[in-house]
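What follows is subunit A paired twice: with subunit B in the first complex and subunit C in the second.
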Partner chain A sequence: MNNRIYSFLGNLLILTGVVVGMTGCSKTIDESQPVAYLPTNLDETAGNWKTYVLTSPTDVTLAAPAATNSTTYQAELSDLKTQSKTLTTEQQQAVTYWGAGAVYRWNEIARELSARYNLPPASTADGKYPVPDAANPLADPRFPFANPPYTARALAYLSVAQYDALVATWYYKKQYNRAAPSTVDSGIKPALPVAAMSSYPSEDAVVAMASYTVLKAMFPGEVPYLDAKLAEHQNSRLWAGMNVASDVSAGTSLGSQVAAKVMARAKTDGMSTSNNQSVTGGMIKDVQTRGLSEVWVSQESPARPPMLPNYGVVKTWNFDQATMVKIRPDAPPAIGSPEFTKALDELKTIQRTQTREQARVANYWADGVGSYTPPGHWHRTAANAAHDARYSEVRMARTLALVGTALMDAAICCWDTKYYYYYPRPQQFGLKTSVGLPNFPAYTSGHSTFSGAAAVVLSGIFPDQADDFMAKANEASVSRMYGLIHYRFDCEVGMACGKKIGSFATARGKADGSGL
Partner chain B sequence: MRTHLKMMVCAALLLPAICQAQMPHDAIYMNKNAVCVAGLYGHSTWSQYWENSLKRENLNIGTHTTQSVMVMPAIGISKRVNVILSLPYVWTSTSAGNLLGQRGVQDLSAWLKVNAFQRGGFSVHAIVGGSLPMGNYVPDFQPMSIGMQCRTLTGRLLLNYKHPATGLYVTTHGSYGWRSNIRIDRDAYLADDRIYNVNQVNVPNTYDAALRVGVLRRKWQAEAFTERTACLSGDYIRRNDMPFPTNNAKATIVGVYARVQPRNIGVNARVGQVIDGVNTGQSTSYTVGLLYLFNWKKP
Partner chain C sequence: MQQFIRLSLILVCLSLPRFASAQGLMDGFMKGDRKASLAVTYSQETFDTYYRGTTPFRDPNLGTVTTQALNLYGVYGLGYDLDLIVTAPYIRTEASAGYQPKQEGFQDVTAALRWEAFDYKLGKARLSWLFALGYTMPIQNYVNDNMLALGQGSKNIDGRTMLHFKSGSFFLTGQFGYIRRGPVTLDRIVNVYDPSQVNPNSGMKVNVPDVTEAIIRTGFATKRVYIDVWGQQQTPYAVGTDIGPGIPFPTNAIGFQRVGGTLFLRLVGRLGLNFGYSTTLDGQNIGKSTRLSGGIIIGN
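What follows is the complex of A and B.
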């Protein structure tokens, strides 16, 4: 009998051991960190590439640098030697962090801010939803509510500012052609790979200041956080022995000038009227006139005003308003039509039989509250692809500007379509959701439109990965059916329209003088 | 060494004590070779919750309900060493809104309970428990998920004094719970107000402490208890956000427990009420169980 007891206890100990052994006790999170690289191509003629907001790099000015044999420069070099000689652990970490890429890191920061601010306001006791106030960004509700259209726009302006500023940077680098400090003085030991090109102005300082300026406007409650990031990025170039102080200050000036011009466009692009709720009455009346028997109604309690019903008026990047109206999808099936019933029945079946794999796909692409939204997801995909391809800063920025403007165009077109058709969600016909229900009309699917647009642009830039991007886009699209919040026609039509939207950005890229 | 389960109509005569309780948090032991199987039904609801420390309702949830059925055998290895196993099936629902209820087999738990020291009515018990997720449920669709997908390991020290003549007892225990990291379907998530660009989530470890006062007699038991369970770290639900596995959930619970078991068949019931919390629902819960004592026939 004792044997049996001991064998049982033995088994239990083994079970305990298995539990511990399988896990280890470590609870650290293994996040892979991108590393610095030397670009495969320096893109030395990028100063001639077509910009978005600047008409020419000479729209902004930059004074000629001091010669490398001047006493001014020699004093800077000597200062740089001191600064880069011995680093604290924190300084080393900052060098490594920013060394992964200036555009890459600021895009990542912007995605993080978007996620942190992607929270719908809570209702007040009297059942109202207060509107976030840009003048008081940290009050409840915080400004902004970084929903998908907001985030698409914030990331688009960020990428455009970075791109235009870097084109100007490349222009002035070529014009002034001042060598890197470590090339001038072999006593400087740079901590990062040094490209064989002019280091005046510092492209890092340009990107830092341009990004800072855009993000400060988009996330006005984060000024202290952004101040710290800006200072760290600027200092990291000195700690790394990569730039002398005047490289950095010139870059800061250039980045600031370009970002000011880009933000001037943002201020007048129509965003200030995007949440004009008074337009919905007319929209509903129009769609009823066109024959829709049941219009979209907020499923939240208390009913929440729809998300940015007037976002469709915001200025697009890669085509004009008339083109947008032309590519607006045809009307969805009438409520109760056989096509509608078939689509609704398909969702009812998924609700009954949702597989774990369907749930996984729905969750992976949900990009809902507290996330960087689908535009952020595709920016991440684009930034990682460009990083893997060892793109230069200017080509990385071009990639993100092409993708980013396409994503914002997708947001504008899709929101225009959503409010033009004002089509009800499946939840108005009894469906539940496993991902959370967005508070705006169904037709067409935003995820599908975003994904179609981004995948087309990325496929043009990285043709060898086209199949993968398209597969991702299709999965993102169908994920909304698996999550039970979109009919198949929302997804398929949205995807087709997204691809059209993306092709405009691709065409722009073909004609931007890059030869890419 | 053929064994089979035998109903305990006559076993009651062979064993000095009948089927006692079977919890990993009491000082009661099965006799050697006795197995008491509990079939439990649990029901827990909340209509208010603490979003961080803000107590609120949510009209898009209404009343949130978690139900479970569970098989829980307690096995007497010896009179001072017991093993308790449990495996629940759990399902969730809400009375309002449109969040899809989740259901499935949750986590298998195993507890080893040892009466390490006994003098008179005073005893000290060392208890070790572990759990493994058995179902492939989604862990981060809160508050609808049926579990967290953590592997856990819990160490507990339990002190008990029972007055031999009256059966009056007081029990206190404290535990440390280790919880593994989990993997979610997404490859980026927000926690601690930052983005983690990875699918791995750090779930905080836990502690608990409890005080129980009751009467334990041959055929029945009655108890009042208070429990405090909390995480040792973690982040806090943001304004109007949903919960997440990284949250530092804390709760103080008061309740009563009773068991009646005149013979091999018995019933038990537990009622609990969360009276204070952070990042958690203000749950009212009850569990009812049917107990049945089996005996291993001796060779």
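What follows is the complex of A and C.
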């Protein structure tokens, strides 16, 4: 009987312990967050760097600031003291969040919006796919459908606006050279590291307003969300004791002026005709005339119109239309040719023998529906590399503009190639895929083109990490074979073309006056 | 005979592919000291409608999803009041339309202890109070972040308690359990920060929502025949996501309401056959599935 009791008590103890353990332990997943830093180089001559859309920083204007001994400024200082003295938890969190970097955070926000809007419209009961309407962005389907070409373009304009605005900022900082509030008055205790340079205009306010303006146009359904981000970013500079109100308002004005000029280019870059479905008939006829025996056909049920068939006409950044036609890859192998059969057989073998590691690679780089797409993936890589290298805001923006314009050029070039050759996916020959089947022709691989372009640009900027970037690009490229949606020649030719595209951006970077 | 009955009750339970599910880890019948048995069950579960959140949805690019499972199930009486239960399913799941490749392989191994803590005699009837504790882990690192997946890939702790009433051949069992699911690492970096997600983050590690489970089962058990009907309600305990583009599948909040029945027939000596049927009445982020199973049980 005693044994029975001991056994009972023992079992009860174990069960109690386990139940307490099950319900008590937290499910919090901790992740390291990016933090504020002092740039390793202030890039004081960046006011002379070559801009993309502005012809010169003086295309935009900025009034001279009030002197630090003026009553106006002293009133601002005293207001700043009050604002930055005691912070609520939310204010403290905002200071820390935005302190990680203005360009860095707005790039992250843009990626998040891209992912949220990367939703292909669902079919209606009568088997049609409604087209998103920019004038009614929150109706179903929402505008935009942030697919890879759309996202590449949104992020390119964001980065260019940030860069041009920051070059102008550095120009005016040097011209007006007004010290930081905490330098003027030691009673101000800044919450973030203060660089030894002019704080007029506030680079954070410039980036905030420039980014806000571009993103409001790219994601018109997100205005309230962006309003809140803008206000929080601007206020965080006051809460942090980093800028007085006139630093911020000057930055807001400058950012707004630059973004307006950048968006004027966007409005006329050809994007409005990119989804012109009436061009596909001619494209198919042309490629059949050139000898293609089987053209690409949507494999979705019901069949979906191809993604942005006319995106190839969109205006490129780092080379002109004639150059694009010149670097367009040669024709893929004829359907049924030995080269084609070999490539298809290779995929059949992968389908039969796919390893877990191949599946992992395919999934890691899938960047499909609901993601911020390969352009977003490479923006993340670039932003993190620049953050790790403790780049100044202007150099961070330069990095992302070089990568971002190369990625948009890659999208234009690749989409031009895809619809020029109208080549069928392996799924038209019986292959499966678990990474999502893109609804546009196969040749060449978008992932490979994007990755080749971005890796070349990043290798030029961070030569010590070149091997790593190229390895990533190669993995992204081959991931599409592991995912069974691209032939080897799609990937290899796409990668080679992407590298060419990237080298144009690299050449621009070498000649932009930064000396980098 | 009772050993057969126990097994027949249990072995329809344990395979848990993405859209398939079990009707609970175990029943209320104890095995008996030093007694053992082994069962092999085959099941087939199909659905052409699944719940996105709680909204039924049919996807022409998925068609009908069929999941077949071969389940090995063993139970051993460590003592008259303590059983060890081990199970491991092999699963194949495939869709009739679209381009998703079939997934096939070993899913999760589960080991559980079942303990009869109290045993009351009420005239000729008996009422027992049981506790059980199980641990589940993937047998292999299968892909878990997909519409068609072998399972969720999480390591789970399952704790439950049961009241088991038996009078003559009639029995009635009620049980309540809590399944604690550990975090899983995806193959990809999550891109969408969703405030309703269990643990919004920008990394590869995500939380899997815990669930609670209630099961009521009743029927008759005689020497040669056993028959029961049951109802099961699984409810997400923590906030989770709904099936959607870019949303990690393991973070989805999964729940369902199922009913089913079991028939066991003793053939000769230590050999028996069992058959099971179940259907889904309602669900959340799961297939509206119907399941048929059949198996052989060998043991004392």
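Just so we're on the same page, the second predicted complex is superposed on the first by the 492 of 516 C-alpha atoms of A that agree within 3 Å, B and C clash if a C-alpha of one lies under 4 Å from a C-alpha of the other, contacts with A are read in each partner's own complex, and residues count from 1 in each chain.
Note that contacts are C-beta pairs under 8 Å (C-beta built on N, C-alpha and C of every residue); 3 or more make two chains touch, one makes a residue touch a chain.
Keep in mind the model is a prediction, meaning the values are calculated, not measured.
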{"item": "First, second, both or neither for A:A122, with subunit B first and subunit C second", "value": "first"}
{"item": "First, second, both or neither for A:D140, with subunit B first and subunit C second", "value": "first"}
{"item": "Contacts of A:A471 with subunit B and subunit C, given as first, second, both or neither", "value": "neither"}
{"item": "Residues on subunit A lying within both footprints (that of subunit B and that of subunit C)", "value": "8, 12, 15, 19, 22-23, 27-29, 31, 111-112, 115-116, 119-120, 299-302, 351, 356, 359-360, 363-364, 366, 369-372, 427, 431-434, 437, 484"}
{"item": "Touching residues on subunit B, where the partner in the complex is subunit A", "value": "1, 59-60, 77-78, 81, 83, 96-101, 110, 112, 128, 130-132, 136, 138, 140-141, 144, 151-153, 178, 180-181, 184-190, 193-198, 200-202, 238-242, 244, 298-299"}
{"item": "Contact set on subunit A toward subunit B in their complex", "value": "1, 4-5, 8-9, 12, 15-16, 19-20, 22-23, 25, 27-32, 108, 111-112, 115-116, 119-122, 140-142, 299-302, 351, 354, 356, 359-360, 363-364, 366, 369-372, 377, 380, 427, 431-437, 484"}
{"item": "Subunit A-facing residues of subunit C, complex", "value": "60-61, 79, 81-82, 97-101, 115, 117, 131, 133, 140-143, 145-146, 148, 157, 159, 178, 180, 183, 186-189, 191-193, 198-199, 201-203, 205-207, 238, 244-247"}
{"item": "Residues of subunit A defined as touching subunit C within the complex", "value": "7-8, 11-12, 14-15, 18-19, 21-23, 27-29, 31, 111-112, 115-116, 118-120, 299-302, 351, 356, 359-360, 363-364, 366-372, 376, 427, 431-434, 437, 484"}
